[in-house]
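Here is the structure we will look at.
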Amino acid sequence: MNLSISFKAEIVENTAITPDIFKLTLRPLDSFSEPLPGQFFMLSVSESHDPLLKRPFSIFNFKDRELQFLYRIRGRGTRLLSEKKQGQRISLTGPFGKSYPQPDKSTQEVWIVTGGLGIASLNFMINRLTGEGQRLKVLYGARTGPELRILEDIRVKEILIATEDGTEGFTGTVLDLFNSYSMNLQPSSLIYACGPQAVLSFIDQKAQERGIKAYLSLEERMACGFGVCLGCVIKTKEGYKRVCKEGPVFREGEVIW
Amino acid sequence: MNLSVMIGPLKLRNPVITASGTSGYGEELSQYFDLSLLGAITMKGISLKPMEGNPPPRLWETPCGLLNSIGLQNVGLERFLREKLPFVRRFALPVIANILGNSLDEYMELAESLDGEVEAIELNISCPNVKKGGIFFGTDRSAVAELVSAVKKTLKKSLLITKLSPQADIKEFSKIAEDSGSDAISLINTIAGMAVDIETRRPVFKNIIAGLSGPAIKPIALRMVWEAVSTVKIPVIGIGGIMTAEDALEFLITGATAIEAGTANFIDPLSSIKIIDGIKQYMNRNGISDIRQIIGSIRL
Amino acid sequence: MNLSVMIGPLKLRNPVITASGTSGYGEELSQYFDLSLLGAITMKGISLKPMEGNPPPRLWETPCGLLNSIGLQNVGLERFLREKLPFVRRFALPVIANILGNSLDEYMELAESLDGEVEAIELNISCPNVKKGGIFFGTDRSAVAELVSAVKKTLKKSLLITKLSPQADIKEFSKIAEDSGSDAISLINTIAGMAVDIETRRPVFKNIIAGLSGPAIKPIALRMVWEAVSTVKIPVIGIGGIMTAEDALEFLITGATAIEAGTANFIDPLSSIKIIDGIKQYMNRNGISDIRQIIGSIRL
Amino acid sequence: MNLSISFKAEIVENTAITPDIFKLTLRPLDSFSEPLPGQFFMLSVSESHDPLLKRPFSIFNFKDRELQFLYRIRGRGTRLLSEKKQGQRISLTGPFGKSYPQPDKSTQEVWIVTGGLGIASLNFMINRLTGEGQRLKVLYGARTGPELRILEDIRVKEILIATEDGTEGFTGTVLDLFNSYSMNLQPSSLIYACGPQAVLSFIDQKAQERGIKAYLSLEERMACGFGVCLGCVIKTKEGYKRVCKEGPVFREGEVIW
């Protein structure tokens, strides 16, 4: 029994990092279960029945019993969320989903490949791994320089940046960046990736080609977040799987893109 | 305080049931609360053979509603009996199996195999998400009569609940279900709906039409339950947009013997538990000691 | 940019019409914007004799919806012709008279008197708020066929639009309306719904059942419009939960030649004007010069 | 043409006066029409379709182009309104309804009879009348002393108070208060009343008995607020009338209670 799966939290902070990217910090008001990196919560964006469904957000950070999220305004729900002010309350369910597995002993180097808001899912894992002294290389792609502000809290020695408009770092996408460094990948490397489908399917393919282990975090529209609606499925080699339950983290070679 | 109700000879601890397709086979919900707190649990619709379901997207949000086109993905009868049923059987609560066939024979085979394995069988004759099967039965008078009578004859131990389609005339079909021997009826299933993506100008769903559930449909569902309870004597289970105890009470007062909560489970896995608590609070506040004083107590 | 559409021989400046019972006789809305900006305006349902309507309460809010039981309060044919019609005639826009009778004769008398006085007559055969009349016709096959044929024969100048009840099978009744000579069909009217006050345990409305409108019903209305456009060749006017240009576009893409906005007018008297603007913006954004490129452009 | 009938405003202040009574000050962001005392606006309590309808609120005060409202939490809509914070925006339609007619020359004394939130509708009129030097007597009833805080802004010389629990002023309702003073009413007096139906029907009857003119402001559930839905009717001697259009202010003897 885990009656703490559904709880309320108070907004400590909900601030714009760029005009459409926000950082949200919540202080839970009831008991809840500790989240693991890669897991997500379903957040209510409205106190009414419209929008009806909660929205899934990866846990960006968990510190001092506060939950932190990073989100981009995409549609109505995220817009409503961005209008919420400090002191307002919001309902949550979670944590849900499989977390990123830990690297095993044989892993010599971890690559984090992500872009845009994909970092929302990986930041917590990065913190864990650096805390454990794991060797890390972060490859990050953004549309444009100012969006790199979302990396400000991230403490990693080796972080490689690409911007599509070339305002900072490498000019191109994170995939271009990946390509130009991928000769350094060892069979004992491990990749964690999160981002748009194009990024994930590309990394999936490269990992398979090179015989490297990769964990890919996916997104799908969700209703429940905990496996009962069967609404969030993706096609895998073993048939449809629920992103919220069997995922959101999948292994290389599992998903049929 | 007595919250227990009778669906024919079947006693439920309280009138709150989780609806088919919204509580899986009980595995997920059981991680969050003790299933035996529920009046009963309804299993995801089961077909003879496993069904893969529809390709994504399967969900679309509408104002206060949810369109779904899951396409009855399910593990099939065999795996259900082998894996899923034993799990939910660990909890002390009545289990309702929701079944769907493509033909009378398929329904019969499902009913025979499940008879006695579950407390009740809910005949899904109304799912709008598969082309063959469901919808055909649900709106065809003689097919429904034949199906219900045949299944009823087969069942030696389990109760028969017929789940009605909101696309059909409720008065007419509740009567058909009753006359054909159904022990109870449940309503409503999702209402056929549609959405279009105006940017791509495509229907959101491959099947074009999908099933609408959630608070949006509550007033329609309540009217249909009213039509049903004014027509038949067998117990009526009310379904449709029930999110809170207040919603559940509207249905009970109108005459539903029990209710099923569906979409509510998605928004909060503890919804049904909260509904039960809320009903108790209402009874306390109003000095009502027995839920049967509420059921059908509508004052005209 | 061309926004004009044809309902049979009737040209509308744009496809946005205000729905019957949600824009009075145009007097109130005309204080807020120039009515001639609209595609057309539909008058509150008119009966032969004035009708007092139902006692309060007449309104009840539901999730994303509104239940109403106005009971067709209206000034009656005579005062309509004498007072109300001359007012709205001051504006350069097609006027649609929505009519309701208790018998075939009443419908006929209404149609004869209004023929030529208004551009179109919308036959309300589907209002759930009066016991006699409306609902009876709306779900009775031969009565609808007879009514539509008779009224059509009477009309020398005005167009005939048949407004369908969502309680009836849409495919069947659109076909009946078409075969009986209706120039167009409009759908949907409100969906029969119900609400119960759990404190008093009484139905909210004296008539028990009331009509549901608003965003809640949009996916259902859109599905029904889809069923209608897939069945008939005459123009279909889409109605139900249209609040924004995006909603209107869903209906137009699905195949509605025009749309009516109802409940939206309550939330904002300028809704229909904003819908027209929004459609223009969508056309601009997508490089569409003629609205007819949108209508029925759904890609399956 | 009056395209300013529907507009947005920014919340300048939304503060609790008692735990369930709030004062809301709005700064309109678009053009709008000047309201008159007794008129009302329809306020959106949510940016979504649930609750669907706007809620009617009397104009409590209009000063420096700011609209002020006084409201009590009654149900879901007013609760949502009370949770809104300074800086948030809200949509309005209005002003709607008939205003309180001005007293005519023959009026020697104006009585304002109201209780609870009824003052929300009358305060603006009181300000007008005192501004014009009209002789005024305010009879006000509250449940309990602390609720009298809502009168703090009201500058009237002669204000008679009743509280039901006797914590301040006369013990009883505003009707008891009215009864014990009503011998002072002259045929040339004029009554403005707003409050629960029991208050209005009582004043209506007394006014008719004594041949005194009275203006009564009514409330009904509303959908549109401007006359098109026919949802807000009350029974009058001339049949159903719309509270939003023919009202909310009615004359004595008009309404069938």
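Which chain is which? They are A, B, C and D, in the order written, and residues in each are numbered from 1.
We adopt the following convention: a contact is a pair of C-beta atoms (placed from the backbone, for glycine too) under 8 Å apart; a residue touches a chain by one contact, two chains touch by 3 or more.
These figures come from a predicted structure and were not determined experimentally.
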Pair of chains joined by more contacts [C-beta pairs], A-B or B-D: A-B
Centroid spacing, where centroids are CA-atom means, of chain A and chain C in whole angstrom: 48
Approximate Å spacing (C-alpha centroids) for the pair chain C, chain D: 36
Residue list for chain C, restricted to those that touch at least two other chains: 63-65, 214-215
Per-residue overlap in chain A, given as positions that touch at least 2 other chains: 49-51
Overall pattern in which the protein chains touch one another (line/ring/star/complete/other): complete
Sites on chain D touched by chain C in the complex: 1-3, 5-6, 44, 49-54, 91, 93, 220-235, 239-240, 245
Chain C residues within the chain D interface of the complex: 21-24, 27-29, 31-34, 44, 52-53, 55-59, 61, 63-66, 68, 70, 73, 214-215, 243, 263, 265-270
Chain C partner contacts - residues on chain A that touch it in the complex: 49-50
Residues of chain C that touch chain B when the two form their complex: 62-65, 67, 191-196, 198, 200-203, 208-209, 212, 214-220, 222-223, 226, 241, 246, 249-250, 253-254, 282, 297-300
Partner chain A, residues of chain C touching it in the complex: 63-64, 215
